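Presented sequentially are two complexes of chain A, the first with chain B as partner and the second with chain C.
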Partner chain A sequence: MSAGPRTPFENKFIEWFDQRLPIFTMMNKEYGVFPTPKNFNYFWNFGAIAMFMLVTMIVSGITLAMHYAANTGLAFDSVERIMRDVNYGWLIRYIHMNGASFFFIAVYIHIFRGLYYGSYKQPRELLWIFGVVIFLLMMATAFMGYVLPWGQMSYWGATVITNFFTAFPWVGEPIQTLLIGGFSVDNPTLNRFFALHYLLPFVIVGVVFLHVWALHRTGSNNPTGIEPKDERDTLPFHPYYTMKDSFGLLIFAIVYCIFVFFMPNELGHPDNYTPANPMVTPAHIVPEWYFLPFYAILRAVTIDIGIPFTDITIISAKLGGVLLMFGSIAILLVLPWLDSHPVRSARYRPKFRLFLLLFVVTVLVLGKVGGMPADVPLFHITKDFVFTTTHVAQIATVYYFAFFIVILPVLSRIEVVKPMPASIHEAVLKCQSSCGGNA
Partner chain B sequence: MSTHDHSSSCCGGGSCDSAAEPNKSSQGCCQNTPAEGECCGGGSRRDFLFMTAGAMAAVGVGSVAWPLVDQMNPAADTLAMSTTEVDLSQLQVGQSMTVMWRGKPVFIRRRTAEEIKEAQDIDVQTLRDKQSDSDRVKKPEWLIVIGVCTHLGCVPLGQKTGDTRGEYDGWFCPCHGSVYDTSGRIRKGPAPKNLEVPQYTFLSDTLVRIG
Partner chain C sequence: MRKLLLTSLVVSALCALVPVSAHASEGKEYPLPNVEWSFEGPFGTYDRAALQRGYAVYRQVCSACHSMKRVSFRNLSALGYTPDQIKSVAGEYTYQDGPNDEGEMFERPGRPSDHFKSPFANDKAAMAANGGALPPDLSLITKAREGGADYVFGILTGYGAAPSDVTVLEGQYFNKHMAGHVIKMPPPLTAGAVTYEDGSPQSVEQYAKDVATFLTWAAEPELEQRKQMGFKVLLFLGIFAAIMYAVKRKIWAKVH
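This part shows the complex of A and B:
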């Protein structure tokens, strides 16, 4: 991380320090004068907001770890002790619990921003891939964190998720035994999940560093998707975007606080306040809301894929569901090559925009269906054929994958774009005269 | 090293420095045609040392990595808990009990005559996981299966009176709707396999050891 040529600082101590380790020069270059497109809208706040949430989670998490006992006999009670006896323990735990949800909210909006404005396209492919890796690490961390209170949902969530691995023939069960350290989810599982739940956030910090580093190599994308051409297109990061980010963060934090203080359990499941019981499965197991779309894809696969007219099954419904669920995230890794259209922003791609918004609706529908019990009858199509939530999930799953595999490659070839401004500067000037100051 | 290009490219080591002339003898290691000389296939003593050191390093890394992986497998005390003995004398015909084995519930059912008949009469070829009832029990009256749905590991309902037992009078998994019959075989829903039968032995008529 060379900071390049230095301009001396006035303050003698800073200058002394910076000569030996140019941190101040680097910070000034990357966060002070860093040229940033001047037309950001509020969608560009969510990277900074996600960063704030990561720090919040690490600070509140380390604090909780000081009072938590990772043992099946003690875990549930130690969490209740945090809630009742530890000074401000309730606050720290509610910050952490709801923090996970708000971290995901920020990241989902951040991902949507990337999709809508084509931020994943050349030359930002690697930046995007690091982002997907962060998302995967977040999912693993969140899942293991949810196991720690050792309530019913913790236990059965862990059981269901680790059972995914048994879907793979031959190697599946040894892998599952290795992961949970026994024949069922038990104390060894809880211990290692705690160790990994503590470790992974720091791995996330490392990948976030790479993500930001890659961002500062290419510079930010912007709502027009047009690269800045001269200094009329950019503003220094400070004070313009430090201010805009702070304002957005403040609004976000207000909503977050409303949940922490007034509805802290709204996003959780009451079942998790029942201690884990390996002998009784709760009637309705669902993951946390941020996993629901993927859970719906898992459950959407109900048929075995085999060789026709024989009994030989190649991919069982169970394996098929697991593969599709992992595939639904893995496909994001190759998105930059599936969508090769030269224009980034959906502003100038009306068809892409329509299909993308339909994709967002699909994900929301999957989330809704994933939260419901399997096979809820909705209405009759014929007398014998009942349309159920499983059918909804199947149709949505088909669209989810078709969007990436069919629609994007086809649009890349055929979509005609709307007229585009020559530069960011021109786009902003045109907007000021025609769209009422709405940047 | 050698000033001769061909010798350094052939042997890459100091031992061939003396062999200034190419094709000097059939024993020489610096021939352009590597077919005969011993060292030209793999190289010099330096290459040998390099490769053996590399191989030892790989073995070393592997022997450190394996304990770090294997520590995650079930520990000795976890394995030691792997049998349990159950007294069956209190169980009446038509009743079930659930016992804990390896942290999982085991369903023990003293089946009624109808249930046994139902389980035996089915055509095995129509089943998803083809197993006859006689392969799944040691004594037809006693069905012993692990009470874990083979889909994603939930505990099916059907042990308590009043539980939903599904349309095949066995068990019903509330998580994703798998239905099992009176032999614990999968009949409907997403689960791929029958309820697993644990290893067990009857120590006497009323005492069974699972595991």
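This part shows the complex of A and C:
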């Protein structure tokens, strides 16, 4: 962790400190003069925004933990006491509850940015992989957090999701038992979920550190996808991007606060305001909105795969769904090798751009059907064949995987790119005269 | 960038169009009434008189079956009651307390710090007295149901004669807004059952509206403070964002 050669600081104390531990030199190098492409658009704000949300979640979460009781008999009441009797408890809880949603919004936009501008490509593969790991850890954290208030949806969500582990042969049931600490979701489940929910955010902090470290090795990508060549292509991070990021963050914070203060329960489910009751199953169990696309993939598999003409099942529908759901995220890990096209930015790859936007539509459609009951009839195709939400989910799932496994490798070989500028500098100049903005 | 934004907008618009209104269930669907509430919208506040009337309806009618365990008498100061009034309301109930120094449990009058007294000792007793159905605790009911206050109003005013396709058994009642259209709560409100001192109409609609307002307050007592603080926070963030925008423009003006 050496910060390289040092230039002395004027301030005596800072100089004294920095000689012994060059934090100030490092900060200046990484966040002060750090050369950053000068053509970022506002999509490049979302890394900083996600960082802000992570800190917000940790601070509000630790405050909640001071009043929360991880016991099935007390959890719901303790959360309600936070809402009613703790000073500004409602504020802290609504910040945390909506914060999870806005954390995911920021990260989804951040991931989309990476896809659109090819930020996952060489030499940033490891940076991208750390990002996917953060995403996975976030999902685990949010899932366990949602169980803590011990409402109906907490309980039944935990029951349904942990039950999917039993689909794995041999290891499935032991894994499920270990996860929930018994044979059904109960007090041991709540206790371990609380312990893990407290732990995982700090693991995320660690992986974020690696993510940023890797970023500062390779430098940022930019909307052209062309690496900076000389100093005409870059600007020092401070003040240019510190100020731009602050502005973007404030706009994001305004939207977030509109939810916290004016519609704090809009993104949640009413059932979670009823205490958990193992004897009463809710009519329609749904996870939080940010899991819905993956939930749709999970439920899209409805047939067992077996050896034809025998009764032998190799992969049950349930296992198939679980495999596809995990696969849908795991496939992101190998994305840098599935798309080997030398040009990064979708700006110069019209075909890639089209298929990527279609992919985004697919994910949104999956989110939509994931929130609906399975097999809701939509319309008749023939007199006897009714098209249902499950069919929509199946078609969307096929496209989701085809995008990665078929379309990207094929495009890597055949796609002809549009004419590209020689450098960022040239792209910015050309744009200023023709497109009149800093896109 | 602009093109990209445009495409994303078109894409989201398309997604919104995916048909969702496909209701598979047989029978008629009744849309919830859309009541005008004083507490709706960013500027909405609770109507104090409606809260007091709603509390009277709860106390004289609903509290015979429904608990409200999360609300205590001292919270009633938000409805505009004085400490003395609260003390005397609480004093009308008896609570078991103890053990005292002799190890005995004893009865004492309620205090402002006590939570509303539940009508039944436990859920089993409540179900036994209500034909097997549990009257839910009402402290959070408007947050725990899709539709909130409109739903509570809908349930209370949604009784009527059952259409031919709904079977209503002994001890059940047809209700437009209950899932499955049958409910085990007998119609709780009848016109004139609760006397209003302020001259408001003593109709089922008015009772339902007032008690739904009261229950919304019980579920979200922080609502007014929350919205007030929200405006201050948004004002602060808005000004801060405008300043940062100006700063950013100024710094970036020199960049080519």
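A few comments on the model shown:
By our rule, the second predicted complex is superposed on the first by the 438 of 439 C-alpha atoms of A that agree within 3 Å, B and C clash if a C-alpha of one lies under 4 Å from a C-alpha of the other, contacts with A are read in each partner's own complex, and residues count from 1 in each chain.
Criterion: a contact is a pair of C-beta atoms (placed from the backbone, for glycine too) under 8 Å apart; a residue touches a chain by one contact, two chains touch by 3 or more.
Please read all numbers here as calculations on a predicted model, not as lab measurements.
Of the two partners chain B and chain C, it is C that touches the larger number of chain A residues. In the superposed model, A:274 makes contact with chain C only, not with chain B. Residue contacts after overlaying the shared chain place A:357 against chain C, while chain B stays out of touching range. By the touch criterion defined above, A:283 lies against chain B and chain C together after alignment on the C-alpha atoms of chain A. Of the two partner chains placed by the overlay, only chain C lies in contact with A:235; chain B stays clear of it.
In the superposed model, A:178 lies in contact with chain B only, and not with chain C. When the two structures are aligned on the shared chain, A:258 is found in touch with chain C, with no touch to chain B. Contacts of A:318 after superposition on the shared chain: chain B is touched, whereas chain C is not. Residues 283 of chain A touch chain B in one complex and chain C in the other. By the touch rule above, chain B contacts chain A in their complex via residues 69, 72-75, 78, 82, 98, 100, 102-105, 148, 151-155, 173-177, 190-192.
Against chain A, the residues of chain C that register as touching in their complex are 1-2, 4, 7-8, 11-12, 14-15, 18-20, 22, 24, 42, 70, 75, 136, 139-140, 143-146, 179, 219, 221-222, 226-227, 229-230, 233-234, 237-238, 240-241, 244-245, 247-248, 251-252, 255-256.
Interface residues of chain A facing chain B in the complex, by the touch rule stated above, are 156, 159-160, 162-164, 177-179, 181-186, 188, 192, 278-281, 283-285, 299, 302, 304, 316-318, 321, 374-375.
Put simply, chain A touches chain C in their complex at residues 38, 41, 80, 83-84, 90-91, 94, 116, 223, 235, 239-240, 243-244, 246-247, 250-251, 253-254, 257-258, 260-262, 264-265, 270-271, 273-274, 283, 357, 360-361, 364-365, 368, 372-373, 376-379, 392, 428-429, 432, 437, 439.
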